[in-house]
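Labels A, B, C, D and E are assigned to the chains in the order they are written; within every chain, residues are numbered from 1.
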Amino acid sequence: QENKSKLDEVLARGHLIMGTGSTNAPWHFKSIDDKLQGFDIDMGRIVAKALFNDPGKIEFVIQSSDARIPNITTNKVDLTCQFMTVTGERAQQVAFTIPYYREGVGLMLKADGKYADYAALKAAGSGVTISVLQNVYAESMVHAALPEAKVDQYDSVDLIYQALESGRADAVATDQSSLSWYMQQNPDRYKDAGYGWNPQSYACGVKRGDQDWLNFVDTALHEAMTGVEFDSYAKSFKTWFGKDLEPPQIGFPVEYK
Amino acid sequence: MTNLLEIRDLHKRYGDVEVLKGVDCAMAQGDVISIIGSSGSGKTTMLRCINMLEDFEGGTIRIDGEEIGYDTAGGRRRRKKEKEIARQRAMTGMAFQQFNLFPHMTAAHNVMLGLVKVKGMGRDEARGLAEKWLDRVGLAERRDRYPGQLSGGQQQRVAIARAIAMNPKLMLFDEVTSALDPELVNEVLQVIKDLAADGMSMLLVTHEMRFAYEVSTRVIFMNQGRIGEEGNPREMFVKPQTERLAEFLMNSTFN
Amino acid sequence: MDIAAFLHVLWLARMPILKGVGVTISISALAIVVGTLVGVGVGLVLTYGKGPLRWLVRGYTDFIRGTPVLVLVLASYYVLGTVGVDLGPFEAGVFALAVFCSSHVGEIVRGALQSIPRGQTEAAKAIGLTFPQTFAYVLGPQALRQMLPAWVNTAAEMVKASTLLSIIGVGELLLRTQELISRTFMSLEFYLFAGLLYFVINYGIERFGRYIERKTSVPS
Amino acid sequence: MGYTLNFSAVWRSFDLLLQGLALSLGLAVMGIAIGCVIGLVTAFGLLSKNALLRRPAQLYVTIIRNTPILVLILFAYFALPQMGVRLGKIESFVATLAVYSGAYLAEIFRGGLLAVPRGLKEAGLAIGLRQSQIRNTIVIPLMLRNVLPSLSSTLISLFKDTSLAAAIAVPELTFEARKINVESFRVIETWIITSLLYVATCTVLAALLRRLEKRMSIPR
Amino acid sequence: MTNLLEIRDLHKRYGDVEVLKGVDCAMAQGDVISIIGSSGSGKTTMLRCINMLEDFEGGTIRIDGEEIGYDTAGGRRRRKKEKEIARQRAMTGMAFQQFNLFPHMTAAHNVMLGLVKVKGMGRDEARGLAEKWLDRVGLAERRDRYPGQLSGGQQQRVAIARAIAMNPKLMLFDEVTSALDPELVNEVLQVIKDLAADGMSMLLVTHEMRFAYEVSTRVIFMNQGRIGEEGNPREMFVKPQTERLAEFLMNSTFN
């Protein structure tokens, strides 16, 4: 009983409980037949497969972004994979796994809009308004690319797109993955401004202080990106980001290059 | 000389029910007329028509020769403008059974309101007049009390002062004592008596037969929307002409 | 907006929306029922209670009424867990709304009871009714009529507050709507449609309240 | 459970919360002030004998009161510009709150107006006051005194509704709190402090209203 | 024979003000006692103490020998249990100035409530009794009306029927006619007269001097929380012994 690892608990339970969202494509959202899908979801299934050799043995707990860390710390979930940006401050509260995606911020414009590209936006100075997801550093993040632009922060992804659509904003600044998914769903209406910046890592989170469990999840993700489960990872990557991955090189492990 | 008040063939209905079925009445300057009659006979309604608190469908009411509420020109009858009616209402003063003092104003402010807003008097002048009238009704020391701090009898006296201060040509009283405890009735009746002695023209609905008898120059007995009998109080109370009045008087003297 | 396209998407999404409506209605109904039962107790203590008990309940209602519902929801989901009561999101959400509802109903009950003339209690005492009887036959029924309109308002308030449970992942109508939007990106259309559904639910409650009011009105 | 509270992240951004609170208050004051005017006009409309005034007033109140305010906010901010009405985000929210609170206040004012005895209006007529004078010097002052006790509940709810301005990027208190959450993930701590700010403000508001009630109360 | 009602040295205060300052009074079966006195003299308070609607600080009240409201044993005085007090209240019936009918019940249900819930009578039997008493007060046809559909006089008669139907040993009436229009007063007074003729023991506070004179076997004049004078109405009204009563009677006979 004492100091038993979460790993044993999950194995004994027979399924994994993962916290995630349901309102952000292509990361975690609902299909037409009301099933959760997306890249985060697939990461969860990879961990479930590692645990039980069955990607279906997983239960999803839907949570808002605000709930990601509290649900870990109060044991509501075993693991959270929900496009969580790794920061030092957050790492003091939860233990991050190895990253499973590297994200950057991009700018999206209306195809028939006033501004042609990044240069035009930058030239317009304080005349442009950029809609972004709410964040403490949202303002400085935008200003890194467009030093004078006005910044409007919304609390959900659909609203930043809506702001662009209804003319409340001149461009959307958000994750490139989300932007490319959105443009793929709405062909010909939008265009990329052709500028990317602000790299960040996405990782899953588990409760602090359980090295055993963290090791296990790390191993599962690591082997998905470089080892036996690479095919599942690559297939998911292709589905949600539309790009084919080079298979890992045989020979000397890439980590030690 | 024109009559102070002249009512001709007054008709008033509420929905399907005709409440006043042709009332005629004339009143000279200085008259004090008591209106008696059983409940529902139309006494209140008649006063309310005179003060245009109710519209009426037929007949004319004139005060000092001026037609109240309507213009009848070329056979067509049109309600006067609201502003004109407001001016005419100020020719009569009215005191109600429920006092209807404005609860958020002191006694003095209750009296001053009409003086300032209707007569356009300055506040100081209005204050002086209000104090004069409150003194007259015996409330010199209660000027700055609110209605909730006054007894019923005192409230009713403020209400009378409020009406009188507007210097109306005619005062209307509608059962001004019947919401009062028996012991408070006298203070109010005394005020009305004093006004009568001063020559104020008054029309009062009352259930106090003794008072009607003592104070009025004429009594009107209303019966089912018409004037049933009318005359000098001494004659009417002692020798009622109609059976209905005799019956009414019998019932009214139990207490 | 392209109406035809929207209607097509709407038709495909009918099941999740219906489920969302179902969850919204069950959350609201549970919160209203539990909140009302507790609220009647709260109202009774506020009206007739004495000393520390009354003082305590007064503090409870004032604190709850001043707190945003969202905070109540988060607190019952996370903070209750730390004291050993581990509720699922649905139960925690219903609990939070019921607590919120009880403080409002408590105030409504107090207002209704206090507006009944003292003479009613005295007349009941005078024919020998005990206090519980007085409450059951004289005060209660009159208070019920009196509080009906305000209670209907509170019920509609609960339906609107149920949207906040989306934060802790309860699949009620708003979260369902947001899920649909995240796939279809028709935000305005779906938000307005959800607004319409909420309107229908609340209007239904309002009509129901009117109906009960008419049914129980006393001729005069 | 072993969750230890750590408020350092909240204190670091506390000035943001205070700025947010100031904006919340500003939004509430502006929105509700305009709402009072709308509510007053609507209340007279609701009581009008003229169906041309009454019906639209009823329709307005029914629709607004039964629709979640979030939908109204999104509609005003995103849909109205597509229909040619473009307000800034603050103006748009204030307008929405005004329209929303107007509907609630109209119902409250209506009750207060009904409680002004008819006899007082007649007494005003009898001394020759015009309708508008009666309305301004007698009816409205008395109506305000009638509604003050029940007003605090509504005003507190409306104040809390300013938290929804976060949805359209208005940096009020809830918006700032969420920002701190996203950064630090100290969700529980942030909400504890934020809700204390809300509760404190509501308590002050309620106390002010009680003071006002006492000051305006009629001596008896 | 024990007295039906016996009050000894009754004291009652509201905060600092002593309202009853030692009232002694005894009443035999079949007595009809009118209590008169000016406003604030403590008449209502006395009735309310008898019915335990108010606690009192000193003295005893006994009905049929049984001590009301308190147990005084070994010098210590303890309030009886609420349930016991409820039972004792049912020994007296009370009718109030404001009627206090239950607005959500018909006339018949108002009367039945106590019969069913306090006396534990079956509904049919209670209904029969309620109808009998409503007939007696002349409301046979209005049994199924709600209070809001009845005139003041009719409401007051229902209230009296509600009290009488409980078969009390003693009826208490507190100014039962003063909220009524003058013409409705008579119907209620007639009901009380009939009850008196039937031998019901009654204690009534009234401002109707004429009625007190006609109907009571004894009159009590309350003055500032004490019994000022007490006796046979014929003597008291014609030859008051105290100056205060003489003054009070003079003021009360104006109408």
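Everything below uses one rule, namely that a contact is a pair of C-beta atoms (placed from the backbone, for glycine too) under 8 Å apart; a residue touches a chain by one contact, two chains touch by 3 or more.
Just so we're clear, the structure is a prediction, and the values are computed from it rather than from any experiment.
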Target subunit E, source subunit D, minimum contact steps: 2
Neighbouring chains common to subunit A and subunit B, by label: D
Where subunit B and subunit D are represented by their mean Cα positions, the distance between them in whole Å: 46
Computed distance of Cα centres, subunit E from subunit A, in Å: 82
Length of the line joining the C-alpha centres of subunit A and subunit D, rounded to whole Å: 38
Chain centre separation in whole Å, for subunit E relative to subunit C (CA means): 46
Touching two or more other chains - residues of subunit A: 66-67, 70, 74-75, 156, 159, 162, 166
Junction residues of subunit C, two or more chains touched: 74, 78, 81-82, 187-188
Touching chain combinations (by label order): A-C, A-D, B-D, B-E, C-D, C-E
Residues of subunit C that touch subunit D when the two form their complex: 62-63, 65-71, 74-75, 78-79, 81-82, 104, 107, 111, 156-157, 160, 163, 174, 187-188, 191-192, 194-195, 198-199, 202-203, 206
Subunit C - residues contacting subunit A, complex: 12-13, 15-16, 19, 74, 78, 81-82, 89, 166-169, 171, 175, 178-183, 185, 187-188
Of all residues in subunit E, those that touch subunit B in their complex: 38-39, 178, 181-183, 185-186, 189, 207-208, 210-211, 251-252, 254-255
Subunit D residues within the subunit A interface of the complex: 1, 3, 9, 13, 74, 77-79, 81-82, 86, 89, 166-169, 171, 175, 178-188
Touching residues (chain side subunit B, partner subunit D) in the complex: 51-53, 82-83, 86-87, 89-90, 92-94, 96, 98, 100-104, 113-114, 117-118, 145-146, 148-149, 159, 162-163, 166
